[in-house]
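Given below, in the form of structure tokens, are the structures.
Shared between the two complexes below is subunit A, which has subunit B as its partner in the first and subunit C in the second.
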Partner chain A sequence: MHIYINGTGCISPQETALGGPLLATPREYEQVRLATVDPDYKQWIDVKQIRRMSRVVKMGVGAASLSLEAAGITAPDAIITGTAYGCLDDTGVFLTKMVNQQEEMLTPTAFIQSTHNTVAGQIALLLGCNGYNNTFVHRGFSFENALLDAIMILKEGSAKNILAGGVDEITNHSFQLLSRFGLYKKTPVKTMELLNSPSRGTIAGEGAAFFTLGITKQPGAVAELSGVSTLYKPLWEGEVIGHIMKFLEDNNCTPADIDLIVTGRNGDIDQDEIYEEVAEALFPDHAEASFKHLCGEYPTAASFGVWMANAVIAQQEVPEAAVFFGAAPEKIKKVLVYNHHQGTHHSLVLLTAC
Partner chain B sequence: MSEKVWIAGGGVISGIGLDIPACIQSFRDMTPGMTAMQHLSSVHRNTFPVAEVKADNATLADIARMPENISRTALLSMIAAREAWQSSGLGDISQYRVGFVSGNTVGGMDKTEDFFAAYLSDPRGGRLQNLVHHECGSITELVADSLGVRHHISTISTACSSGANALMYGSRLIRNNIVDVVIAGGTDALTRFTLNGFNTLMILDQQLCRPFDDTRTGLNLGEGAGYVVLVSDSLAARLQPWCRLSGFANANDAFHQTASSPDGTGNYLAMKGALDMSGLQPQQIGYINLHGTGTQNNDVSEGIAINRLFAPHFPAMSSTKSFTGHTLGASGGIEAVFSALAVKEGIIYPNARFEHQMKELPFAPVTAFSTGHDLQHVMSNSFGFGGNCSSLVFSRAS
Partner chain C sequence: MADLKAQIIEQLNLQEVAPDSIGNDQPLFTKEGLGLDSIDALELIVLLQQHYNIRIANPDEGPKIFHSVRTMATYITENQTIKA
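Then we have the complex of A and B:
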């Protein structure tokens, strides 16, 4: 069975919500925390509702809407989201009030919207969609689990069109706290220099990327979602390399069939080492594109990577801002997205031009 | 793809017992788990009864063989997951391709909320140790690592249906030959965050909850964890499985972020979908483990949906939340175990404190514990915020 990416939508620290050529005018930052470039949410959401919605809900609903519009689908059969952090802003609001007010005089809005499946629920509510609705919240696998669930359901035949996506927000609290864990650079680095910066730490990001997947090819489709796989806490580099080989084999291809690898390099010298090892072992002469200098690091950032890979296939060209190494062949047919989150969560997504 | 998925075992820890035999004994003795709070520290301690697991973290850590300072949610999860695994008779876990799919609603919030008090007074304050397992997925990983599960690990958070949705995803993982065994269910410890959240919604009962009773005025929160062990056809052939997970469905009510639609659209679609997948007619269901929270809204919507689907052949029904309280992300897992066990042992669970017939409904829940029933098919309902409605059907081996 073929599973087509019939439409995509992305809201990110780049101008991805506007359409037009991919990363034609990349936004360059010199900061350790990137925020989304927000489209006009009024085109999808009632003004009164917008005021009550947190950013993560808005960006999720926005990216989902873009994806459905691109696919020409108004009512998907299922909605599946992946979000590691969930609705951090509302969680922080409720938690802060609860502590400061000693559990008294609290109001329900923030609590209601703090639930991890708020984005998926809101999309269903806006679309009036009674179909299957699920939310995966497993750290660096959240988005990949959502894709896998969608693939399994499409194969089962109980749905024809599924909206699946990844979304995470960063808030003042989460940025401050994740900084205390030492995740980020101590000093700002320029966007185009991040991936070669010789230090530990990365930059914080956020965003939403959604995909309308279907078993019938729609006019907007340029790629098939050929496969998804995750690898939890590999014991050593060899296990990652073996896992990638096995994944390619399962998808009836070899490294030679891959035209472009898209990697989750994030500019942390320790974390980027595995990408070097993998490239050296399996893809020494392959063109490599990267994306976390553009969207920042977050547990569902792979969704931006997959969105970018799909756009690269559409344009048959890797935009300069995304090039990490080499030049892609004239025809870009198979793109392998390899990402890891904090060294513990490795994932592979294979797209094939259709 | 059409491969059958079996329940090879289960484990539960809840306010009515630290393992399955203890829980069953509580049903038999008609002793619900709600009391005044003993372990959760809250200003509402004397206002809202809760069904706490009757053990402090040190005791739970001993049973779980995990550090005492980690989230109670992980400790509960580990205890139930290990009981589930051991009951399956599968033996050495490293011999199989195993998945662990666990639902929870607030991850390590019990530790985060302690951390936040110190952090809010000083941004550099609070011990990071208390924050490190905040993420829902982190709880799952603590347990997966302790169990030795690596092949597929996932966490689902769809509010009160999380545990049920974990069984659906787990079943699909087996059918798609990604793994051979999945430990699936959910876990949640009581936290001030959820207690206060439900309080703002004004759906907590200050008395003991009365699901499906006309005088019901809200739910009691509970805590716990429950997991089943799902296995493939080929593995089931050399075990003595409890029953089959013959059908399941999730549907969205698409009505309101927290409230159910008056006609229970999502509830109906979930139950109907689960029946359709199992290839059953409504009258073949022998018992329904209700979502039955005891709120005005849930019980009438669920009841109306049941009426629409099952009338005039109503199966026996009860809400075990009248004993365990509403364990949120764990409830779908705990009630899946109770339902699977109902098929295996012919048990119909009692609905405590039912006295007054709901005027909207033509049926009433069962009020006494009984065994020896010939239950061929049992349904379990779990409905959550975000309109998330899930139903599971368990069927006897045939």
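Then we have the complex of A and C:
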């Protein structure tokens, strides 16, 4: 069975919501925390409803709307999201009120909007979609597991069109906490120089990317979602390499069939080492594109990578801002997205031009 | 009543509503009025508790109390004990 990516939508620190050529005018930052470039959400959400939505909900609804518009679908059969942090901002608001007001006089809005599945719920409410609605909260596998669930449902035949995506936000509080864990650079780095920075830590990011997946190819589709696989806590780089080989075999191809690899390099010298090992072992002469210098690091950042891979297939060109190594062949047919989050959550997504 | 209107706007995050644009007798919960919903009703109950230390003992009174800004103000004046 073929699963087509009939439409995509992305809201990120780049101007991805505007449409047009991929990364035509990339935004360069010199900071350790990237925020999304927000479109006018009122084009999708009624003013009365928008007042209760935090940024992450608006991001999710916006990216989902873009994806459905691109696919020409108004009512998907299912909505599946992946998010590690959920509605962090409203969770913070609610918990702060709980403490300050000694668990009394708590307002309902922050509570209602503080759950992880609020984004999927709000999309369903706006669309009037009463179908399957699920949210995966699996840290660095949240987005990938949303895709896997969508694939299984489509293969079962219980849905024809599924809206699936990943979304995460960074708040002042979470940025402060994660900084204490040493996740981010100590001093600001120019984002276009991030991937060659010789230090530990990366830059924080956020965003939402949604995909309208279907078993019937719509006019806007350029790629199939050929495969998704995850690998948790590999013991050494050989296990990752073996996993990639097996994944390619399962999808009836070899490294030679891959035209472009899209990696989740994030500029942390420790975390990027595995990408070097994999490239050297399996893809020594392949063109490589990267994306985390454009969107920052967050648990569902792979969704931005998959969105970018789909756009590269659409344009048959890798934008200069995304090139890490080499030059892609004239025809870009198969793109492998390899990402890992904090060295523990490794994932593979294979897209094939259709 | 101007203060109460400002508090309602803040509590309900009515981003595009100015206090002056809410009529004293304008219905709060009808489409012709401000168009508030059941979640807003809960927020208004919390507003009365937080700002005026008023707990609504009888929920059946809700529609009458929250009919308009004027009915809310009247209820507050009649029941207020301590102003926060």
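Things to note:
In the analysis below, the second predicted complex is superposed on the first by the 354 of 354 C-alpha atoms of A that agree within 3 Å, B and C clash if a C-alpha of one lies under 4 Å from a C-alpha of the other, contacts with A are read in each partner's own complex, and residues count from 1 in each chain.
Here is the rule we go by: contacts are C-beta pairs under 8 Å (C-beta built on N, C-alpha and C of every residue); 3 or more make two chains touch, one makes a residue touch a chain.
Computed from a prediction, not measured in an experiment: that's the story for all the values here.
Among subunit B and subunit C, the chain that touches a larger number of residues in subunit A is B.
Of the two partner chains placed by the overlay, neither subunit B nor subunit C lies in contact with A:Gln342. Once chain A of one complex is fitted onto chain A of the other, the partner contacts of A:Gln218 are absent, as it touches neither subunit B nor subunit C. By the touch criterion defined above, A:Asn133 lies against subunit B but remains apart from subunit C after alignment on the C-alpha atoms of chain A. Contacts of A:Gln122 after superposition on the shared chain: subunit B is touched, whereas subunit C is not. Once chain A of one complex is fitted onto chain A of the other, the partner contacts of A:Lys48 are limited to subunit C, with no touch recorded for subunit B. Residue contacts after overlaying the shared chain place A:Thr107 against subunit B and subunit C alike. Within the superposed three-chain model, A:Gln316 lies out of touch with both subunit B and subunit C [touch as defined at top]. Residues 106-108, 112 of subunit A lie in contact with subunit B in one complex and with subunit C in the other. Every residue of subunit C that touches subunit A in the complex is listed here, in rising order: 11-16, 35, 39, 42-43, 46, 49-50.
For subunit A in complex with subunit B, the touching residues are 79, 84-86, 94-96, 98-100, 102-104, 106-108, 111-118, 120-122, 124-125, 127-139, 141-142, 145, 148-149, 152-153, 155-156, 176-177, 180-181, 230, 232-233. Against subunit C, the residues of subunit A that register as touching in their complex are 47-48, 50-52, 105-109, 112.
By the touch rule above, subunit B contacts subunit A in their complex via residues 1, 42-44, 105, 107, 112-113, 116-117, 119-120, 123-124, 128, 131-132, 135-138, 140-141, 144-145, 150-159, 165, 168-169, 172-173, 175-176, 178, 192-193, 196-197, 199-201, 249-258, 265-266, 269, 384-388.
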